[in-house]
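So, here come the structures, one by one.
Note that chain A is present in both complexes that follow, paired respectively with chain B and with chain C.
On to the complex of A and B.
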């Protein structure tokens, strides 16, 4: 059972495997994203209160849900880095931090754009907005620590530790902020039947968009990790061979 | 761990020796002791200058002001925690010691809190008076600071341990540690605000106590791991 796990730790193996996955992921993402965007923008009925602004939800909710998944991902990668000293886990964690920070920033921005017509303000010190903002600060802290430490090995372990500490703190921060103040609507329960305000014609496109944006996140992470693999392994033979093979003859 | 020679020392003795040593060093460096306190005093007195000298307005922001200033003062004093030990090499000796690092780090954190956190707690009523905090809230302010400032020291210790080997660490330390301290700030400031309104406080104390218990048991472990990463 452990064999595949340790093989996964080999950057070369991951590079080759992800190279085979990528075309399929591109196809899946393109299909889901086109269906989701067209459905959400053109065919979802207007909300009886919010009108067309409800369509912002189809960007905001997927992006926000992924930015919440980022810290747990980094913490798991951090545990793997500290326990098994797996280089690949650190590369994934390193690449996930800036992508996660961008997703958090986009979630905050789309939230502001949605909040302006609904609440009449771009920003409110509401529980979820605030905990998102603090999560953004935590991610910036991890990125700053990474760039401040020169030795890559020490940086890997320090960031792994900080990610774990951060991941333990994220729920505490979330609950304390929630307890402090709340204005944001509670997460809605989606039901299959039409009696719920959120019928299938609302949530099916949302689920499609969530899957599409998840795929986008995974693809970004894979591409950025592949880049990092090439940079860190640039002296190993397989990378040299790979680059040589891609160069046109005589160039 | 089998070939230890020389006199065996119990963990408790090592804990006490570390605590004693850190307290002694702190007492010999009066400036390091005084500066965070002066900083606390100055930051608090900047608020009336920047906001308003109107007693009613100051009463409203008093709880938050004292708490935020305590947080910043604790941040400023953190740099003393491992820096001198790192520079003179005694930190490496600490890491090489056969004693569990958890207790040694805990001793250093307690010493740090005694010289930087406790004075802030004791000075707080004076500043609260200057900000027209209602008299009912004084005890709550001191009690929440008493429960909350150790958490700040313990969390801060993780950040200092991670950055102790770096050249310019002041700002990065604040960027790492400040977001982690948000729950303490929220609960502490809200407890004081609620106390000045005469509301029930049991929940606030329980939550702060829970945070303190959690950070007492886990934060020194993280600090110890961070020290091992930073000192190679």
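On to the complex of A and C.
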């Protein structure tokens, strides 16, 4: 019954499956990203208060919301690492940390650029902003912890624990705008009708951008996990054969 | 389709109202973010394959078996 689960944990199986998926993921991401960016930059109407800064939302919101997916992913992978000692889960967790740090940093930077004209300040110690900054430092902490521990197994266990503990921050970020009444506005309620200020002409491109950025997250996670598989499995015969089958790479 | 555009001219589009710097810096940062995160893993993969090919060549010239030919570290049962 558990066979499929452990097959899923086989690095070779993951490597081959993801290799078949990648071209489709690239196509889907490119199409959605092109539609989303053109729509957001050219066709979304100027906001009556914010003017053209509304276009910043189509980068900031997808990047920020997907940065929240990183810690839950690492926590789930951490549980799998601790309970079943599945190597693939640890590789995914290891590769997710720097990608999540990138996402969090870009969310903070685009938020600052958006906040400057709208709030009149680049930065405030607002609940949402502060909890995002904590997420950034936690991710840096996970990366530093991994490189500080020499034994790979001990590093995997320590990072798994820190990821599970660090995931507590995610609901704090999510609900910070409701629990504390500070600068950052709560999530908007989008409506289906065209009369509402948040009608489809505002949220449809946002949904497209969220899907595109999600695909980007998945693709970059797959790419670095595949590298990690090759590095850790370089002594096994299938990687040796795979490297031998590659065209010689120029010096 | 073009009637629903938010801008009447290219220069208006490039100007983005009062927010030229804000809008374009966010999109520039986004472009850098995407490019770097897709390019770096691919560059790392190329470099790794190059290193391993050099090592295999060196090993075969030294008339030794390739590095670690003895064991499969794929303990999770990746055999076909």
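Everything that follows uses one rule, which is that the second predicted complex is superposed on the first by the 232 of 251 C-alpha atoms of A that agree within 3 Å, B and C clash if a C-alpha of one lies under 4 Å from a C-alpha of the other, contacts with A are read in each partner's own complex, and residues count from 1 in each chain.
In the analysis below, a contact is a pair of C-beta atoms (placed from the backbone, for glycine too) under 8 Å apart; a residue touches a chain by one contact, two chains touch by 3 or more.
None of these values were measured; they are calculated from a predicted model.
Trainee: Which partner chains sit in contact with A:148 here, chain B, chain C, both or neither? Use first/second/both/neither.
Mentor: In the superposition, A:148 touches chain B alone.
Trainee: First (chain B), second (chain C), both or neither: which does A:56 touch?
Mentor: So A:56 only meets chain C here.
Trainee: Per the contact definition in the header, classify A:161: touching chain B only (first), chain C only (second), both, or neither.
Mentor: Once the two structures are laid over each other on A, A:161 reaches chain B alone.
Trainee: In the superposed model, does chain B or chain C contact more residues of chain A?
Mentor: Touched residues of chain A are more numerous for C.
Trainee: Touching A:233, do we find chain B (first), chain C (second), both, or neither?
Mentor: second
Trainee: Determine, under the contact definition given at the top, whether A:65 touches first (chain B), second (chain C), both, or neither.
Mentor: Once the two structures are laid over each other on A, A:65 reaches no partner at all.
Trainee: In the overlay, answer first, second, both or neither for which of chain B and chain C A:117 touches.
Mentor: Second partner only, chain C.
Trainee: Along chain B, where are the residues that touch chain A in the complex?
Mentor: 158, 162-163, 165-166, 168-169, 172, 175-176, 178-180, 182-183, 186-187, 190, 207, 211, 218, 222, 225-226, 229-230, 232
Trainee: Which part of chain A faces chain B closely enough to touch in the complex?
Mentor: Touching chain B from chain A are residues 82, 134, 137-138, 140-141, 144-145, 148-149, 151, 154, 157-158, 161-162, 164-166, 168-169, 172-173, 176-177, 179-180.
Trainee: In their complex, what parts of chain A are in touch with chain C?
Mentor: 6-7, 9-13, 33, 37, 41-46, 51-53, 55-56, 59-60, 63, 86-88, 99, 102, 106, 109-110, 113-114, 116-117, 216, 219-220, 223-224, 226-227, 230-238, 240, 243-244, 246, 248-251
Trainee: Show which residues of chain C lie in contact with chain A when the two form their complex.
Mentor: Counting only chain C, the residues touching chain A are 4-7, 13, 16-19, 22-23, 25-27, 29-30, 33-34, 37-38, 41-42, 44-46, 48-50, 52-53, 56, 66-69, 71-78.
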